[in-house]
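Before anything else, here is the set of structures, which you'll find just below.
In what comes next, subunit A is part of two complexes: it sits with subunit B in the first one and with subunit C in the second one.
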Partner chain A sequence: MSVDERAIVEAVGGLPLVGNEEGLIPAFGLYLTRHYADYYNHVSYAYLHAAHQEGPEAVAKARAALIEAGHVCAFNTFGGIMLSQEWEAVVGPMLSGRDDWVPGIVSVINALGWGRWRLEGLTPGEELRVRVDNSYESTGYLETHGTSKVGSVCFLATGGVAGIMNLIYHGDILARPALTPDYYAELFAGTGRFVAEEVACRAAGAERCEVVARRA
Partner chain B sequence: MKVLVQRDCLGGERIVEIELPRPVRLEDLDRIEGVETRTVLAHLPRPFFRLDVPGRFLLTGIVSDPRVRFTVRMAVRDRALELALEAAERLAARSTS
Partner chain C sequence: MSVPIQFDAERAVVLSGGRSLVFHCHFYNCALQRAIEEGMGERAPKVLTEGAARAIHAQLTGLGDAIEDIPAFAEAAFRELGFGLLDLSGVGARGGAAKVQASHYAMGWTAVHGPRETPACFFPAGFIQGAVAVAHGLPLESVTVEERGCYAAGAEDCVFDVRVSEGEVAR
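On to the complex of A and B.
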C-alpha cells in the first residue's frame, strides 16, 4: 500500500478546522464539531449503566444503539470525507486501488483526535482489524468509572470500523454515491453487511482496544 | 456552468457544487472578494484551496480542476445559488492582467 499516513495527518492538520462566525466548522463537505469527549462519554455510559439496572434485554438494546450511533457517524462523516475535495487533494493521489481507501480513511481519522488507530489486518472484502491505543472512549471510561464491569465500551469506534468496511466493500464509495437514508439502510441493514465487535477493550482490562469487522 | 445543489447535513440546501467551463488557476482566486482566510496547500500533487468569506460562503476546490464547492452561510442560505454562481463567474472570468 502506498498511503503515507504522516503526510495525510500533516496535510489535514494544516487545514484551519475552526468555527466560523455562525459557530459551524464546514470541512470535507460536511460539518465537524469540536465536541467535549467527556460529555459524549458521560451521556453514553449513563445510558449503558441505566440499561444494566434494567436487565440483559435493555443492555443488548443500549449497546446496539450506541454502536448504531457509530454507524451513522461513519456513514456521514467518513463517507463525506471520502467524497470531499480535501480527500481528492490529500489522499486521492496516494490511492492505487480500493484496498488503499482503508488506510487512507484511517489516516484521516488519526488527524481528528479520536485516538491512535492502527491497522492490524485487512482481508479485502472480508475482515478489518483495527487497534486503538488510546481511544477517547476507553480513556474516558477509566477516568470516570474505573475498570469496566460491563464489558467493552468503545461503541463509536466499533460502529466506525464496521462503517469503513460497509462504505468500501459492501457499498461502493468509490462510485461517489449520494449519502442518502436509503443508501444508509442498504449498507447497514441489508444482507452481506459488515458488523463489528470490540474484541479487546482497555476499559475492561485489556492492554489496548481492538475492533474487528466481518460480514454479518 | 454545470450546477449541482446539495442538501447539507443540517437540512438546508446550502452546498453548491459548480463545474466551471475551465480548470481553476491559482490567480483566479484573487478575484474572489471579501476573503478573510485563504489556505492553499500548494505542496500537494493536487493543490487544494480553501477561501473563507465571512457572511457569504466557504469556497473549496483543487487547482487545475474545474469543480468548486460553495458552502454558503446560514444567514444567506436563501441566496445560496445566486451567491455561488456570482462567485463562480468571477473565478472563471478571463484575467485582465
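On to the complex of A and C.
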C-alpha cells in the first residue's frame, strides 16, 4: 500500500488539537501550539539581520543556531509523531518498509500549516531532496523584507529535512527509541549524521525552495 | 473553536485574519527563544516581545469587525492556540495587570531547560501588548508590558504589568 497523503492530511487535520481547560495542547508526547508564523519570522530575521551588521562570524553563528532550532523541532515533533498511536493508526498501515516513512512524515508535515512540502527525491540512506513551493519562512520574508540580500532564509525547513533523515536512516526511529538528550546528540552531533542545505530559496529569488540533506 | 481558521489543503496553509498559523511544539519554541536570547543578548527581549505584539495585532486587525469583544477573543485565542490561560480582566484603557496560568513558554522552558533567573514569557507579554492596543484603539508602541512574576523564575503564575503611555491615557 502506498502512502496516501490526502488521507493523512485529512486525518491529522481532524485531530482535536485545541487548547484544553488549562490552555495547553498535549499531543505526541509534546505540548503543541498553533502559533503565529509572523512571530517566528520576525524574531528569526531580526537575529539574522543583526548578525549581518556584525560580520561573517556572527552570520555563521546565527544561521547555525536557527537551523539547530529546526533540528530540535524535527527530533521532538517528527520523532514524537512517528512514535505516536496516531501514526500507528493512520500512517502505519500505509508503510511497507523504512523508505515509506519519509513520504509518511512529509504528508503529516503538510497538515501543520508550514506550506506544501513535496518529496523531490530520496536515495535511501544517502540523500533526501524536498521542494517547498510556499514555505511560511520564505513567504514571510518576502512580505516583510522583499527579496533577500542575505541568502536563503528557510532555517526551520533546513533543520527539518536533516531531521527526517537522521531519525529514519542515521538513527532508527522504527525501533521506537526514547527521544532523550543523549539520543539527540547521537543523531545530530555524531559522525555519519545528515546535514541539510537550502540550495534554492524563493526569498532569494528562486522559483521555489529546495532543501537537500546528505551525510556530513 | 472561536478562532476563525481556514485550512487550504492544496497550499498546506492555515490562515486566521489573513495571517498564517503553524503548529510547533514547546521544544522548538524554547529552542528558538534560547537562540535569540543567546545570540542577541540584551536586544532579545524587545525583539521577542515586539514579534508577538505585531503578530496578534495583525491577526486582530485582519479579523476586524468579525470580533465584537476583543479582550474576550484574545483570552479565547490564547487558550485555544495552546499558550495557557490568559486573564485580561484587570486591564483597561489605562493599563492594569494581566495574568497567565499554565504558560506554555514558562512551563515549556522549565521542562526543557530548568528554572531561570529572569522571566521567560516574552511571547505572552507581546501578545498582551498587541491585544490591549487593538482593544482600546491605542498605538502599539503606547502600550508596554512587563512580566513581574514568572513561573519559570519561581512564581506561582505569570503576572504582567500593563502600562499605557501618559499621552494616550490623557486623550
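Everything below uses one rule, namely that the second predicted complex is superposed on the first by the 215 of 216 C-alpha atoms of A that agree within 3 Å, B and C clash if a C-alpha of one lies under 4 Å from a C-alpha of the other, contacts with A are read in each partner's own complex, and residues count from 1 in each chain.
One rule holds for everything that comes next: a contact is a pair of C-beta atoms (placed from the backbone, for glycine too) under 8 Å apart; a residue touches a chain by one contact, two chains touch by 3 or more.
Everything numeric in this text was worked out from a predicted model, so none of it was measured.
With both structures placed on the common chain, the touch criterion links A:E88 to subunit B but leaves subunit C unconnected.
With both structures placed on the common chain, the touch criterion links A:R34 to subunit C but leaves subunit B unconnected. Legend: residue contacts after superposition of the two complexes on their common chain; A:N76 is shown touching both subunit B and subunit C.
Contact with neither subunit B nor subunit C is seen for A:D182 once the two complexes are overlaid on the shared chain.
Of the two partners, subunit B and subunit C, it is C that touches more residues of subunit A. When the shared chain is aligned, subunit B comes close enough to touch A:A11, but subunit C does not. Of the two partner chains, both subunit B and subunit C are touched by A:L24. By the touch criterion defined above, A:E57 lies against neither subunit B nor subunit C after alignment on the C-alpha atoms of chain A. On subunit A, the patch touched by subunit B and the patch touched by subunit C overlap at residues 22, 24, 30-31, 76, 80. On the subunit B side of its complex with subunit A, the touching residues are 6, 8-10, 15, 37, 39, 41, 44-48, 50, 52, 54-55, 58, 60-62, 65, 67, 69, 71, 73-75.
For subunit A in complex with subunit B, the residues that touch the partner chain are 11, 14-16, 20-22, 24, 26, 29-31, 76, 80, 85-86, 88-90, 92-93.
Those residues of subunit A lying in contact with subunit C across their complex are 6, 9-10, 13, 17-19, 22-25, 28, 30-40, 42-44, 46-47, 50-51, 61-62, 65-66, 68-70, 72-73, 75-77, 80, 110-117, 133-134, 136, 139-140, 156.
Subunit C contributes residues 1, 7, 9-14, 19-29, 31-33, 35-36, 38-40, 43, 47-48, 50-52, 54-56, 58-59, 78-86, 101-102, 104, 107-108, 123, 126 to its touches with subunit A in the complex.
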